[in-house]
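Chain lettering (A, B and C) follows the sequence in which the chains are written, and residue indices restart at 1 in each chain.
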Amino acid sequence: MSKEPVAVVGVGQTQHTAARRDVSLAGLVREAALRALEDAELTWADIDAVVIGKAPDFFEGVMMPELYLADALGAVGKPLLRVHTAGSVGGSTALVAATQVAARIHRTVLTLAFEKQSESNAMWGLSLPVPFQQPLLAGAGGFFAPHVRAYMRRTGAPAGTGALVAYKDRRNALRNPYAHLHERGLTLEKVRSSPMLWDPIRYSETCPSSDGACAMVLTDRAGAARAPRPCAWMHGGAMRSEPTLFAGKDCVSPRAGRDCAADVYRQAGITDPRRQIDAVEMYVPFSWYEPMWLENLGFAAEGEGWKLVESGITELDGELPVNPSGGVLSTNPIGASGMIRFAEAALQVRGEAGEHQVEGARTALGHAYGGGSQFFAMWVVGDAPPTG
Amino acid sequence: MREVAIVAFAQSDHRPDTSDVSEVEMLMPVLRRVLDDVGLTAGEIGFTCSGSSDYLAGRAFSFTMALDGVGAWPPISESHVEMDGAWALHEAWTKLLTGEADTALVYSYGKSSPGDLREVLTRQLDPYYLAPLWPDSVSLAALQAQALIDAGETDERALAGVAHRSRTAAEANPHAQLSGSAAPGPLLDTPYLVRPLRRHDCPPIGDGAAAVVLAAGDTARGLCPRPAWIRGIDHRVEPHALGVRELTRSPSTRLAAERAGAFDAPVDTAELHAPFTSQEVLLRRELRLGADVRVNPSGGALAANPMMAAGLIRLGEAAAAIHRGGSDRALAHATSGPCLQQNLVAVLEGEPS
Amino acid sequence: MTPAPSSSEALRAPLVVEFPFTRSLGPVQSDFLTGLRERTVLGVRTTDGRVLVPPVEYDPVTAAELRDLVEVAPTGTVTTWAWNPSPSRGQPLDTPFAWVLVRLDGADTALLHALDAPGPEAVRTGMRVRIRWAERRTGAITDIACFTPDGDAAAPAAGPAPHSGEFTEPVRGIVAPARLDYTYAPGRAQTRFLAALAGRRTVGERCPSCRKVYVPPRGACPTCGVATAEQVEVGPHGTVTTFCIVNIKAKNLDIEVPYVYAHIALDGAGLALHGRIAGIPYDQVRMGLRVTPVWTEDGRYPDHYRPTGEPDADYDTYKELL
């Protein structure tokens, strides 16, 4: 028995911002869920199951908050599953939901991911002190900056590549009404002269801390046939994990990421990702991760990712637009960030991305990662149903 | 639909305090045992899924360190739920149904000993109206127990009977944290913990881990002489607020059981995740279990209740009964949330020998 | 190779997880909690006419958005109860009390709170109770101090009255402090590592399968999934594999910026650990720099690492450790 094809028929996200003081936790997830339902022109009664994801519960100080959120998500009387795979969770959550449709357990599933970081403080949640352990000596960026330096050493990338990515993503965000950061006056010069926080990472090359949620409605062929707007069809989906720290770990280009990409490409029949994929939404929390992931995901040969960036190919009007939405650099409700990548990829192939639509996008990649560059989740979506 | 079975089950000895070992040190021997049982390595497993909770550990991302015990290299296809491992099993079962994997490793673990569990679980409640009052898990279960008593569904003597039967059964369970019991009469002479519940009505608080291996079709037959086939599995959730629910009923359990096919044919064994004696009374009725059904021959959650693992253990115990020929059709149940808010029901069968 | 010391003396230490969470309330919860401040109890009416108290934003049955507020009475009936003989931190009363679900007059659902009663014999399902308001009210569920027995008083005849939910100076958010006390126990491998560290020796553990040396050891070889036990002393010298220069002061860290935060592969270790580099201007730190730990009197870990003066390590010798 072959798998049931999975279609995205509804996408919704909240207005992302540093602090959504106008809504409760329930109100936040509800805003995204309702928009996804409205997009699909469905009601709560049409939903068979709910799959929800978020990063650590300590961010909001609610243990297993899905229990409290069951009512707001219309999950009462339905199956409700809660996923947590660190930063990749938004992507993993979508994949778990998609599997329920593919396995024909449920026909129409609401999947949602959120974070309301303003309820606490992200750095507090990320670095609860653990007795006996050496404290991390360097804030959030300090965790990533040494890997960026290793990348630069390995590839000979010039110091300015990261600024190009940051400038591009922030400009793209101006076309995305839901993005957290709308920095209208930003110039490349301002990015390049912004404070060097964790050398080699500058302030303007770091992601914000956001409140936000993202939701999608996934359905089977019959559901897709009734959809009022174009669908995005899932052509491949995969998760890969490797240990946090281990002897032989490649922190610059983790094997779990390469393996995960290879798996989704195989499923989607992609042999030349650079040519066959029209738009990429990748998880880039610090600008330098764009060239790093371009290599890890097979868009560039090893050592060549920064050249792709420098050539302008990843710009919105380039050959391979990366993060037309503005990406994590412009919007980062941690638990939702991965799902926003997946949803934005779906919007592109549906032709529903509005001002940041990539002209003629037919195949798109959504990418998420988390933990110590150890958990990866990806999907490839297309504008036509998978064949065979 | 593809046939999927539980082919192996292992659990730790459940203990009130395991501060001599880290989580991964507690979990790893269980993983080794369950994989050795089927002769597979982590790399040969098609999909891995786990369940645990950061709030028990008091540390964010606690599950990432537990992954060290799996040996996830080369990288594995893997996921994690912030739920009891029974729901991780559901996710893995779904994955196997798609044909993307033929085998799955499911594990979960929980250490309650680092914190005050009754306090920690208050953080699971509505953060606006409930959590600020710090109502502890035993008190909430007591509200439900009183509602059942008021409704004439049970009484304190019957509850003591459940405790006595469960902990007597646990004498045959080498992993149990609490086994052996005074007779119901003397139990009623002990003081209340939170009236109407006495200590014997409540689960032991402790630490433990569990793991199962799932396999599909002929792979399952090759790995296990008598696989425990999952004939149906379903889970449902109820509203969160206790004051909105009818506490003497568990509609989510009833619905999950219907969807899992539990009422299609009688079961001979049931492993119920009823941490409190009163909840067994309620679940028995919702699941329509007759007097001829062996309920919790392992002792159930009253013998060992490692958070995040106790539900998966019910599935494992039910499967193990089928593996050893002690059951032909068994029901397993898992719960999560205050007063049975969320429930999972699975029906397992062995092939006629 | 030395045998592992006994693990009977496993380390333990208190771990406090505490934060004052700032919760925005949204419309209905804001109205309800503001109402409590004004000694007014609001409920919300569902589309099928039921009145939910406490009011929620979304219908638990239909998931419909609810906004139709009504005022209900401060009196009601106990629907179930539980006697709590030993109140704990944060609970509404510090003397023995009953937890109760109370259906307020005019409501169809029940609210959870505490009942101040002399003893369990004074409590029963069906008894009449009344809200005792907190003296100082801020717009929180704790503005209800508790319930008290209300004798034989009958329920008021009037039903719930419509309410606009409008108050002056509405409460939009609450601060919900939460403190949980844990005892952290790092386990056998970490205990062995820390014991050696107390003698200023860095002792890793070798995987019996892949033979890699883990520093610090975490109890399992993460790639092989087996316990590590064979003790291997590494260092003290090591190589900076990569680093960053920290220019912003981290909270709770008393280190003058800029400083260098580095990954350091100690000689003999299979992977790098983290440390600060000093004893050299920050802008002269480089990949490949050879360093050695510098200890302070009371530090559990080296305070920092300083250059040894050896020639830099060749990139090829440490590139696999990046």
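By definition in this document, a residue touches a chain if its C-beta (ideal position, glycine included) is under 8 Å from a C-beta of that chain, and two chains touch if they have at least 3 such contacts.
Computed from a predicted structure; not experimentally measured.
The touch graph of these protein chains is complete, with an edge between every pair of chains. Think of the whole protein's Cα atoms as having one middle point; the chain whose own Cα middle lies nearest to it is C. Seen from the C-alpha centroid of chain A, the farthest chain centroid is that of B. Look at where the CA atoms of chain A average out and do the same for chain C: the two points lie 25 Å apart. If you average the Cα atoms of chain A and of chain B, the two centres end up 33 Å apart.
Across the assembly, chain A contributes residues 24-25, 58, 60-61, 71, 76, 128, 130, 243-244, 246 that each touch 2 or more other chains.
Shown for chain B are the residues that touch two or more other chains, namely 55, 58-59, 65, 67-68, 72-73, 120, 123, 127-128, 131, 239-241.
Along chain C, residues 15, 17, 21, 23, 25, 29, 56, 60-61, 176, 178, 184, 186, 190, 221-223 each make contact with two or more other chains.
Looking at the complex, you find that chain C touches chain B at residues 7-8, 10, 12, 15, 17, 21, 23, 25, 29, 33, 52-54, 56, 60-61, 79-85, 88-92, 99, 101, 103, 109-114, 120, 125, 140-142, 174, 176, 178, 180-190, 218-227.
Within the complex formed with chain A, the chain C residues making contact are 11, 13-15, 17, 19, 21-27, 29, 56-63, 65, 172-173, 176, 178, 184, 186, 190, 194, 210, 212-214, 221-223, 241-248, 250-253, 255, 258, 261-263, 270-271, 273-276, 287, 300-301, 315, 319-320, 322.
By the touch criterion stated above, chain A contacts chain C in their complex at residues 19-27, 30, 44, 58, 60-61, 71-74, 76, 118-121, 123-124, 128-139, 141-142, 145-150, 153-154, 195-201, 243-252. Those residues of chain A whose C-beta lies close enough to touch chain B in the complex are 1-3, 24-25, 56-58, 60-65, 67-71, 75-86, 92, 95-96, 99-100, 102-105, 125-126, 128, 130, 238-244, 246, 254-256, 259-260, 263, 371-372, 374-375. For chain B in complex with chain A, the touching residues are 1-2, 48, 53-55, 58-61, 63-65, 67-68, 72-83, 87, 90-91, 94-95, 97-100, 120-121, 123-128, 131, 234-241, 251-252, 255, 336-338, 341-342.
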